[in-house]
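What follows is a set of structures for review.
In what follows, chain A forms one complex with chain B and a second complex with chain C.
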Partner chain A sequence: MTVARGVLERAAVAASIETVESLGAVCRVSSSDARKALVALRDSDLAVGFLVDLFGIDTGEAVDIVYHLRSFARDEELVVKVEHGYGSTLESVWDIFPAALMPERETAELFGLELAGHPNPKRLLTTDGCPPYLRKSLVVRSAEEVRDRASQHVDATSLDRTAGSLAGGFAEPGVAEPGASLDATPIPAPKPLPVPRGLKRAPSGVDIENSDRLVLNMGPQHPSTHGVLRLILELDGEEIVSGEAVIGYLHRGIEKLAESRRYSAVGTLLDRGDYVSGIHAELAFALATEKIAGIEVPRRANYLRCLLGELNRIASHITWYGPMGLDSGAMGPFLYTFRDRETILDILEDITGQRMMFNYVRPGGVVNDITTTAEAKIRAFLDEFAVHVDENDELLMGNEIFQARTQGIGVFDRETALGFGLTGACLRGSGVDWDIRRDRPYAAYDELEFDVPVAEEGDVYARCAVRLEEMRQSARMIRQCIEGLPEGEHTAKVAKVLRPPAGEAYGAVESPRGELGVHLVSDGTDSPYRMRYRPPALYALQAGEAMLPGLLIADAVVLMGSMDLILGEVDR
Partner chain B sequence: MALDKLTGEHSAIFIRSEQLFDVARRKSLWYMAFGIACCAIEGLMHASGPKFDFDRMGVFFRASPRQADVMIVAGTVNWKMASTVRRLYDEMPEPKWVVAMGACACSGGPFREYPNVVMGVDKVVPVDVYIPGCPPRPESVQYGFITLMDKIKAQTGERLAAARHDGR
Partner chain C sequence: MNAWLIAVLRFLAALGLMLFNGVVMIYMLRKVLARLHVRLGPMDNGPHGMFQTVFDVLKLLTKEDVTPRAVDKALFFLAPVIVFVPSLMAYMVLPFSRTWVILDVPYGLLFYFAVMSVVPLGILAAGWASNNKWSFIGAMRIVGQQVTYEVPMLLAALPVVMMAGSMSLSDIVRAQSGTFLWILPRWFAFNVPALVLFFIAGLIESGQTPFDLAEAESELVAGFSTEYSAMKFGLLYLAEFSNVFLFSALTVTLFFGGWQVPWVSADHVQWVAPIVFMVKTYIGIFFIFAIRGTLPRIRVDQMLATGWKVLLPAALAWVMVTGFVIKVGQALVGPR
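Here is the complex of A and B:
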């Protein structure tokens, strides 16, 4: 903290620094000094070269833009807050931290700011005419509106595909509705950010009517984009000249809706964010809440969290592994691995009552204790999985065609990976030895024994190898959890309607896709004031997007498959 | 085969071509590989996986809307997505059916309060079968398909009755 003060003083930046217990050092600088401060912090001996997250908080009078930075060298976190008035201009920092590219666009559109100095200042998640949803003055649909479903009128002509089609573009997407639910004092509508209308120009700016480039539109309905991702590829022959990822086809307001849910019910939304590994998102939220409220979690609950988390990690990696085979032309791995996923889902259903959407981890512990039948099922699963995982390893990783298609493709070196904010298996595939489970232990991970697989090559194959090894390590941890499960309560005594004191906290877990963080702001009421969900897949997507030029189309499919994107999490 | 058992050896049966086509349609409902959100994992991936194996009902996925009979809307539809859903529906050849899978596609589900979310896909395309659940289990989807088959059968009967009434 004192180092940060010294750095900022030397750079002649006026800053107020305070230490928030559950967050670390928080610097507040003025908006004109923001870029200067960030450059100084990055280049100083603090070496905060990693942008964990960038988001906004509506304080009621202005928008606080939060830059969450991390220094791997000093193992420290630093939060820089910059106040911006409504409708003011957000100065882009993408040349300082490339990871800010997509989060900046998202923040600008959802808080109604203008974006300056950005290479692609378009809307990211919504379409033209949408109000800034994350402003506090914009209230969501009321219960009456929801109940009266028939009143929502859709003009059939607005769905005609000739009427503004390519950008998924409604000029006025349901604008009557959000407009009706605004406060009496209308928000000055922000200048609409430009949205691509038609494809007169390719992403690189070339006039495609007069060139021999071809623009190929992959998605949002495409079998190998794993959800509703849309890639606009500009091709020269079969080679990609430039590419742009268009997202937002699954933007459904998880962050906004969390502001109107009680603490125990936010998990319901988070489950549906990263929908193949719900336990991890719930856990990140629970950790943040426990930090603010000061809840001590019983040891048994911590073990159960680890147990379920690791089971869920295997299930999630299988959902990546099967389709990864499909993307590279192999149908077999999908069928073989989904046996194991069915077994895991049976176990998870036994313990939590649901196959996918658990809402099992709550602030204070877990909902219910492990069932009597689960232990035998888990042991049987571990025995057969040990055989299956080796089988899968040979089936795909040992296949020459697969190796030829993945080795040396989509290489991220160390600096690129860190610069774009990659985390998880993608970062470890590039030779950075960083795992939150080991380096910032949460739940019971400090008591478990496991290895963190790291590969140096940084290509698609390396990321696959890391994930496969992670499955083996997860199986190892599950066995330890089952054998060392301590006696005791499965949850701490927590009020039914939890009202944590006002404060801020950041809880992060190592989800199958990387660092899944929840930045929580509480104002002392029974629902969060602001909940920011750090989506690891969004950062992976923008890194993949930057890697597209120069690849062949078939390689782009494999590259995107290896980033393990879950679009529910990318769009939230 | 099955017809022989009904009619005995060396016999002929008479069936309206309409009926024959509808038997074929019922038994080969190919759906479009078009997953939007969480429901796609349960309704498309697990459904075609080894345990539930919808192939044995003749339900199989096709990558292109031009080859598909059924669209499973598996997930939340928002305003950005709605035009694409409509466009894909328009691209499917007749006859075509739509299954709204899960709470989001039926009514907006847990996200219905967010103004960017369409409260039910039936605002955008006509829906034949609604499957409740969040997400529905693959068994529910299976039941949904059986219901759809029954519906197609009933529609054949209605059409034939109408044709008889017209004296055709």
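Here is the complex of A and C:
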């Protein structure tokens, strides 16, 4: 904290710094100094080289843009908050932290800010006409209220992006917003942008209308875009000249919806974010809530959280591994892996009552205790899985064609991977030894024994190898959880309607896709004031997108496959 | 008999065989892949789902034939025919037994290659006429593939021609009768490098995994056949299976003694010869399907590199080696 103060003072940036226990050092700087401060922090001996997340919080008077930074060297978290008036200009920091590329676009559209200096300042998640709905002035109404209002008057011209206005399920409470004006000063034409190391060109998207090359629309309906990802590829023969990822087809506004739900019900939303590993998102939210509310979780609950988390991790890695085979043209792995996935989903159903949308981990503990049948099933599964995982390893990873297809493709070196905010297996595949389970232990991970696999190459194959090894480690942890499951309650005594005190916290878990964080702001009521869901897959997607130029179509498919995207999480 | 009648009957025989093979092979593919992938495959229609493919053919026949508005109509209709007809013609020269050959031409092998090299033209036409970017890229890949595989494939078949001293497929089969080294059947398969080269080039020719680049599902949706539906798609699909059968049959003819049974004189196997031939061919098909269910797909530049930098020089070198060995053999033992 004092180091940060010194750094900012040397850079002549006026800042107020306080330490929030559940968050780290929080610096507040003015919007004109924001870029200067970030550059100073990055290049100082603090070596804050990693942008964990970028998002906004509507404080009621202005929008706070939050830059959540991490210094791996010092193992410190640093949060920089910058206040922006409604409708003001958000200056892009993508040339400082490339990870800001997509989160900035998202923040700008959802809070109604103008984005300057960004290579591709288009809307990311919503279509034109969608109001900046994350502002507090837009209140989610019930269906009846919307119907009543709509029957009174519908004014299509009021659908405007800068003014908080009527659209769909939103209604304006009638408070005029300061600073929201239609005639925002025009932004000067962007200067040619510097290209960060590891990139062939600035990720400025594909100019469909003016391209004289073949522009290929890959998705949203395509066999290997893993959901509803749309890739626009500008091709020279089979080689990609530029590529752009278009997302938002599955956007449901989970972050806004969470603001009108009770704490115990937010999990149902998060399950539908990363829908193949719901336990992890639930857990991240529960951790953040428990930090604010100061809830002590029983030891048995922690073990159960780990147990189900790791089961879910295997199920999720399997859904990555099978399609990875399909992406490279091999049908077999997909069907082989579904043996194990079926078994795991049966176990999860036995314990939680659901196969995918669990809402099992809640603030304070977990909903159900483990059943004896589930325990037997897990033991049987572990024995079986030990054989299957080796089979899988040989079947695909040992295949020479697969190796030729994946080695040396889509290489992220250490700096690029950190710069783009990659986390999880993608980061560890690039030689960064960082795992939240080990380095910021939560639940019962500090009591479990496991290795963190790391590969140095940073290519598609390295990421695959890391994930395969992670499955083995997960199996190891599941066995420890089953064997060392302590006696006791499976949940703490928590009020039915939870009202945590006002405060702010960040809860992060190592989800199968990387660091899944929930940044929670509470105002003391029974629903969150602001819930930010850090989607690791979004960061992986923008890194993959930036890596597209120079690859062939077939490589693009394999590259995107190796980033392990779940579009439910990317779009939220 | 009337010469015209004979011609028509021969044509019908080839067509019947092709359709029959198509239906059997699709069922076989499903079952083989299912067994490889720890599942059951079709089970409901008939015993072990045996009639599933028949129903599928009926469905294709009665389905609405959609022609997208933006396609090149003439070419769009013509393309499946251009793909289908050469495949049918190639059946003419396959020797099923000593006498069961639809058309016993002295240059059967050459005829086969000449006819089959028209198939990629049809696929190119299909991809171009579809006016779809996926189809187009698939078609472009086919052109690259055709140029790459044809030369090595011909060169890989050349050692066989040199050893048999003939381009007639019947002669080539006859040259593989008897045994050598007292025990081994005199199959040209023991010319292993030629067999391997021929097999790889043939996999590329028939567009099978790992060289199924033209319709690479995970990359190009369905490649050249993306816009096709109903029986036009059926023709393309049938031609693909027919090409696999032809390739396997040709491999059997060139390398595994065709319709002959090893160690048994050709005179005793006259009546089982077609069955032997079919069994051998279907064993070959099984191998191709097993590869299809197992291997990932190679990338297009890797395929081109394999064709030009590995297959072609290797095939050329092996032609020279075989020629040298034959000449030395003749000098030592005298002409056979």
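Quick notes on this one:
The rule is short, and it goes like this: the second predicted complex is superposed on the first by the 502 of 572 C-alpha atoms of A that agree within 3 Å, B and C clash if a C-alpha of one lies under 4 Å from a C-alpha of the other, contacts with A are read in each partner's own complex, and residues count from 1 in each chain.
One rule holds in what follows: a residue touches a chain if its C-beta (ideal position, glycine included) is under 8 Å from a C-beta of that chain, and two chains touch if they have at least 3 such contacts.
Computed from a predicted model, the values in this text were never measured in an experiment.
Using the contact criterion defined above for the overlaid structures, shared-chain residue A:Asn399 touches chain C, although it does not reach chain B. Between chain B and chain C, more residues of chain A are touched by B. When both complexes are overlaid on chain A, the residue A:Met357 reaches chain B alone and has no touch with chain C. Of the two partner chains, neither chain B nor chain C is touched by A:Pro528.
Shared-chain residue A:Pro453: touches no atom of chain B or chain C.
Once the two complexes are overlaid on the shared chain, A:Gly365 sits clear of chain B and of chain C alike. Within the superposed three-chain model, A:Gly429 lies out of touch with both chain B and chain C [touch as defined at top]. In the superposed model, A:Asp327 makes contact with chain C only, not with chain B.
Looking at the shared chain after the overlay, A:Gly227 reaches chain B, while chain C stays out of its contact range. In the superposition on chain A, contact is made by A:Glu238 with chain C only, not with chain B. Judged by the document's definition of touching, chain A residues 223, 335, 339 lie at the interface with chain B and also at the interface with chain C.
Here chain B touches chain A in the complex through residues 32-38, 40-42, 45-46, 49-51, 63, 65, 75-76, 78-84, 86-88, 90, 104, 107-108, 110-120, 123-124, 134-135, 137, going by the rule given at the top. Those residues of chain C whose C-beta lies close enough to touch chain A in the complex are 33, 36-39, 133-134, 137, 209-210, 212, 216-221, 292-302. Residues 125-127, 130-131, 133, 140-142, 146, 149, 152, 154, 159, 161, 164-165, 168-170, 173-174, 177-178, 181, 220-221, 223, 227-228, 248-254, 256-257, 260, 268-269, 272, 275-276, 319, 322-323, 334-335, 338-339, 341-342, 355-357, 567-568 of chain A are the ones that touch chain B when the two sit in their complex.
Partner chain C is touched in their complex by these residues of chain A: 214, 216-217, 222-224, 238, 325-332, 335-336, 339, 396, 399, 401-402, 404-405, 552-555, 557.
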